[in-house]
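Paired with subunit B in one complex and with subunit C in the other, subunit A is shared by the two complexes that follow.
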Partner chain A sequence: MAFVALGGSAPEAVKQAPRKTGRVAMLLLLPGMAYLALFFLTPFVSLILTSLKQPDPSGVIGRYDFGFEIGNYVYAVSQYLPQILRSFSFALIATVIALAVSYPIAYFIAVKARNKPLLKGMLLTLVVAPFFISMLLRTFAWKQIFSNDSWIVNTLKDFGIFGADSYIIGTNFAVIFGLVYNFIPFMTLPIFSSLDRLDLRLVEAGADLYANPATTFRKITFPLSLPGVISGTLLTFIPISGDYVVASRDFLGGPETAMMGNVVEANFLRIQDYPTASALSVMLMAAIVVLVSAYVRKSGTEDLL
Partner chain B sequence: MATDFAAQGADLELVGIRKEFPGFVAVENLDLKIPAGEFFALLGPSGCGKTTTLRMIAGLESPTQGQILIGGKDVTDQKPHQRTVNTVFQNYALFPHMSVLENVAFGLRQRKVSDPVAKAQAALDMVELNHLAQRRPQQLSGGQQQRVALARALVNRPALLLLDEPLGALDLKLRRQMQIELKAIQIEVGLTFLHVTHDQEEAMDMADTVAVMNQGRIEQMGAPERLYDRPKTAFVAKFLGQSNIFVGEVAEADDTKVSISFKGHKLTAPAERVEKSKGKVAFGVRPEKTMFHESEPQASSDLNILGPGEITDIRFTGVSNQYQIDIPEIGEVTVFAQNVGKSPVVELGAQVWVSWRVEHGFGLADLPTGEEDID
Partner chain C sequence: MKFSLGKYLLPTYVTLTFLFLAIPIGYTFVFSFNDSIKSNIIWRGFTLDNWLNVCGQQEVCDAFVNSIIVAVSATLVSTVLGTMIAIALVRYRFKFRNATNLILFLPLATPEVVMGAGLAAQFLDFGWQKGLGTVIIAHTMFTLSFVVVTVKARVATLDPALEEAGRDLYANPVQVFWRITFPLLLPGILAAAMLAFALSFDDFIITQFNSGALDTFPKFVYTAAARGIPAEANVIGSFVFIVAIAIVMAVQIRSSIKQRRLAK
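Coming up: the complex of A and B.
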């Protein structure tokens, strides 16, 4: 694409381009391909092999032999179905909330502040600012804010909204809140970049053609921002499905909020049940691939690009 | 929302419109009345306020002061989607995520008109693009997009159709063709068209009435022939076609004729073609009404003569030749001579006299910029 565009003014350059492109492109791709082969493909194959391993006859904990134990998958599902379902419902809920919060922010920065470079720059900095601090620290800060003797909990108790033994940490609310908080920038930035390119004359044309502001938004602004909404939701949904920090007991979660990531972590690092942990990881990966491709196809992004 | 849509065009009236932007005034005290069914052109250089005026009529900007009336109804406070006005935008502003047909049907669907698809197809038929109805706008050529934009606006049968330099992006040949089509469509549908353009030929070619706008004001308004024949201000004389302009003190003035003394020459124009007959006055004549002679023409009361001067430039433009003649102490005079095979054969450097008939001259109400202080 880029080569064709660059060669547009010189026709002979276009003719030469394909051969040159081939060789140069291969050369440039090589490091990336090698990296992926080494650090993605190898662990991936190893993960699948591990997920099919069977316990060593010696009975030593954490020792497994190569095998073809499909039963690992059946066991993982039967044992951890609630956590699997919770992962995807938390991811779905958090993605929807993050979208509802991020879209107005992105719209304001991209459209309302379009001709105010200073305001726009400041607002974008504010959106990105949380990245300046480690995600672990920020999540830990929320743990402090929501902790049982925090002023928030105490105030809620004072007003009688909370009972004497009510708490926030460890609830679904705390986990979803933390997930939404951590992923808002990932939702806001792609939507912003879509809306930033929105031609406002199209919005004017909508108004000119008798569409009221709500209809103009529904039929013109939103459809044209869909590529950003889709990348934003993917960038939010996928990492949240596998997140194990926010829902862990060390941060905002509790025994009742464990997600797949927490289960995988526990199986790998504590129980040392590597086959089950691997089977869960493979299933998580497969489920995300299936969900995401169905979503992308349904939303018809290729139509917009 | 009860909006009535005129089958016929409605008249448009602007009363004392003023539009201020931070730091400058875009439109100053504009009064304008466009009768129903007319093709009206608002002509002016870029930055003269014509597009701002159009956007105020469409409702995309609100005037700082004044009123906008469409069909006698005050619409100043109406939102754009409430106005029975449609616009053909400069860049067409077609919706990239909809098919051509859906673009055209958009306005009909918003107004819940019955059978929007059939009506949209009929509109596409009118602009001869029905075979491209399922394409996306970006798959069409510039000329085709322009026609889609026109169909999308016209299908709503607006009381008033606004055209914002709709032909600006097309090449010359296509532009001429679209001008003819646009004019034919306007006559066919009988709607009021308000066309904003900086192309004087386009404005004169298409419009029933042309208003020349400059620095937020309308300088002059009238039928194209009249504007061209009798410009009232130096701006109009120079923006609409070309003019030779001579500034001098009025020497004689009576009911029939006004004469100025211009650097030793007496220039005369008919009194009814002169706006101002006192003090310093600018006289003008169109280059195609000006002739040159290889020998000094006989002085006559119905001829203005200047010269002798030297031909400094000859430009061949096909149908005519354009001559620049430099007359000592007077300056440059431009003469257009039609290439009909009998114009005098002259060469660069030849000595010639310039003349024009008294009835072809005109006197302006103001002086050209920069001439105000020169004696």
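Coming up: the complex of A and C.
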């Protein structure tokens, strides 16, 4: 349960009887796992095959034949290197900022509000509240708030902080800001769920042994919240690396902010260059697999779910 | 008594951050009342028209209905399949356990654009026409693991002694499941269904890759963003928000009443 923690304090798990073997297990597993095999796993095969396709001799747009065109990868990298690098650097920066913003919130709800169930419940509801309104509408709201004639931009100009032709929308700042905003709940909830289980007597013990609050935090609280920090980091970094709504020109981005997702979208859905889009997707997935397998090696598969 | 800055620093920070989180929600809500003409950008005055006549913009309404159809269908299938898997994971021993865990975990760790493009590439290879069916297939796929995670946590809290008692009283396995296991799992199953519904309803990226000409609510908003989103979209967003918050509050109040009763 380390990876997805959806807030709230669940009742304690009870000791289970030894697991049974039997045909029932297969009957329970088979339909769902077959579904995932067909619509989650085999699409990766399609994706890899598509990434190696070559244009059909007929020259019709969007028609490709199976092949072994490694050149698609070379083309994708040479053509879209800036977007690839931007994806990962934006994801890294936004994840670090989201962690810094979210940790104190998670700490407050889990530790300071521990014995006040009503306050705790209300605060958790406030954390997840943004989930209940379309992510696109929220991002669009920020676009309006930061738009060129907006109150914020005009005020910044009036105070001379901003030059007459300065703007916010379309800058790296706007995109990273929007990404951080959208993913604060994803970071806060797993950290909360780790800190919620923190035994406060350990913190007291630190103080009893003359550690100052900073040392106690560094040596006790933070290490014990690490599983939540790791989950939150993955839950933030992975979706951001493939996001293309925030960085889209119709939302907070501009011509100079396109990320990998924007390129995949444009190639796959607009110009129907399926091989290039697929090659980029395969590379994105490969990077994520490396990241996640490092995590799996540390925590084992039983803790994943 | 010594005045400590630290005592006020954290609550102040938390309050400010929550206000910050609420800004776009408030903005969307306020602009749902805007007496806008076409693009809902400048405040032109208060009106209830958008709320009273949501379907004045036919496309918004159609997209909303499509989103509901997709979310209900995907939720039903993924809740049933996911609950079965969750029970098997907690209660049974089987081969390929690690592989099963990994396959269930991967969809949670795959960027949406990769899942969306992969599935779209497969539909292309199979020659399947994209539309309502393919969107439901896609949503069932990506919500399934979330259902498993949520229900699994509930199965782990279930005391096997209760089912044993049922068997001791000569209930057959089917009776044990429907009279004991299922009612005890129900809160977890409902939570999982609500989560699946919310994820499906709000999904944009996977939908865009697999919907063809079908419009869902998020897809409508994305397309409309280029020329300005109509106020009716704000109405639907705000309406969904209010309903969802009401449900969450009701669940919380109910569980806190229950806790108080148990404490007595």
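Here is the rule we go by: the second predicted complex is superposed on the first by the 269 of 305 C-alpha atoms of A that agree within 3 Å, B and C clash if a C-alpha of one lies under 4 Å from a C-alpha of the other, contacts with A are read in each partner's own complex, and residues count from 1 in each chain.
Just so it is clear, a contact is a pair of C-beta atoms (placed from the backbone, for glycine too) under 8 Å apart; a residue touches a chain by one contact, two chains touch by 3 or more.
What you see is a predicted model, and the numbers here were worked out from it, not measured in a lab.
Trainee: Determine, under the contact definition given at the top, whether A:32 touches first (subunit B), second (subunit C), both, or neither.
Mentor: A:32: touches subunit C, not subunit B.
Trainee: May I ask you to decide whether A:224 touches subunit B, subunit C, both, or neither, giving the answer as first, second, both or neither?
Mentor: The first partner, subunit B, only.
Trainee: Please work out whether A:117 is in contact with subunit B alone, subunit C alone, both, or neither, and reply first, second, both or neither.
Mentor: In the superposition, A:117 touches subunit C alone.
Trainee: Taking the superposition as given, does A:40 touch the first partner, subunit B, the second, subunit C, both, or neither?
Mentor: Touch partner of A:40: subunit C, not subunit B.
Trainee: By residue count, which of the two partners contacts subunit A more extensively, subunit B or subunit C?
Mentor: Looking at subunit A, the partner in contact with more of its residues is C.
Trainee: Just subunit B (first), just subunit C (second), both, or neither: which does A:205 touch?
Mentor: The answer is first: A:205 touches subunit B but not subunit C.
Trainee: Should A:269 be classified as contacting the first partner (subunit B), the second (subunit C), both, or neither?
Mentor: After superposing on A, A:269 lies in contact with subunit C but is clear of subunit B.
Trainee: Counting only touches as set out at the top, which of subunit B and subunit C does A:194 meet: first, second, both, neither?
Mentor: Neither: A:194 stays clear of subunit B and subunit C.
Trainee: Could you tell me if A:215 is touching subunit B, subunit C, both of them or neither one (first, second, both, neither)?
Mentor: first
Trainee: Quick one: is A:50 in contact with subunit B, with subunit C, with both, or with neither? Answer first, second, both or neither.
Mentor: The answer is second: A:50 touches subunit C but not subunit B.
Trainee: Intersection of subunit A residues contacting subunit B with those contacting subunit C?
Mentor: Common to the two interfaces on subunit A: residues 304.
Trainee: What does subunit A use to touch subunit B in their complex?
Mentor: 199, 201-202, 204-213, 215-216, 219-220, 223-224, 303-304
Trainee: Mind pulling up the subunit A residues that touch subunit C in the complex?
Mentor: On the subunit A side, the touching residues are 1, 3-4, 6, 10-14, 16-17, 19-22, 24-26, 28-29, 31-33, 35-37, 39-47, 49-50, 101, 104-105, 107-108, 112, 117-118, 121, 123, 125-145, 147, 181, 184, 234, 238-239, 241-245, 248, 250-251, 260-261, 264-265, 268-269, 274, 277-278, 281, 284-285, 288, 292, 296, 301-302, 304-305.
Trainee: Spell out the residues on subunit C that touch subunit A in their complex, using ranges where they run on.
Mentor: Residue list for subunit C touching subunit A: 10-11, 13-14, 17-18, 20-25, 27-28, 31, 41, 81-82, 84-85, 87-94, 97-98, 100-115, 117-122, 124-125, 137-138, 140-141, 144-146, 148-150, 152-154, 156-160, 164, 191, 195, 198, 202, 204-205, 208-209, 217-218, 221-222, 225-226, 229, 233-234, 237-238, 240-241, 244-245, 248-249, 252, 256, 259.
Trainee: So in the complex, which bits of subunit B are touching subunit A?
Mentor: Contact set of subunit B toward subunit A: 3, 58-60, 79-81, 85-87, 89, 91, 93-97, 106-107, 110-111, 152, 156.
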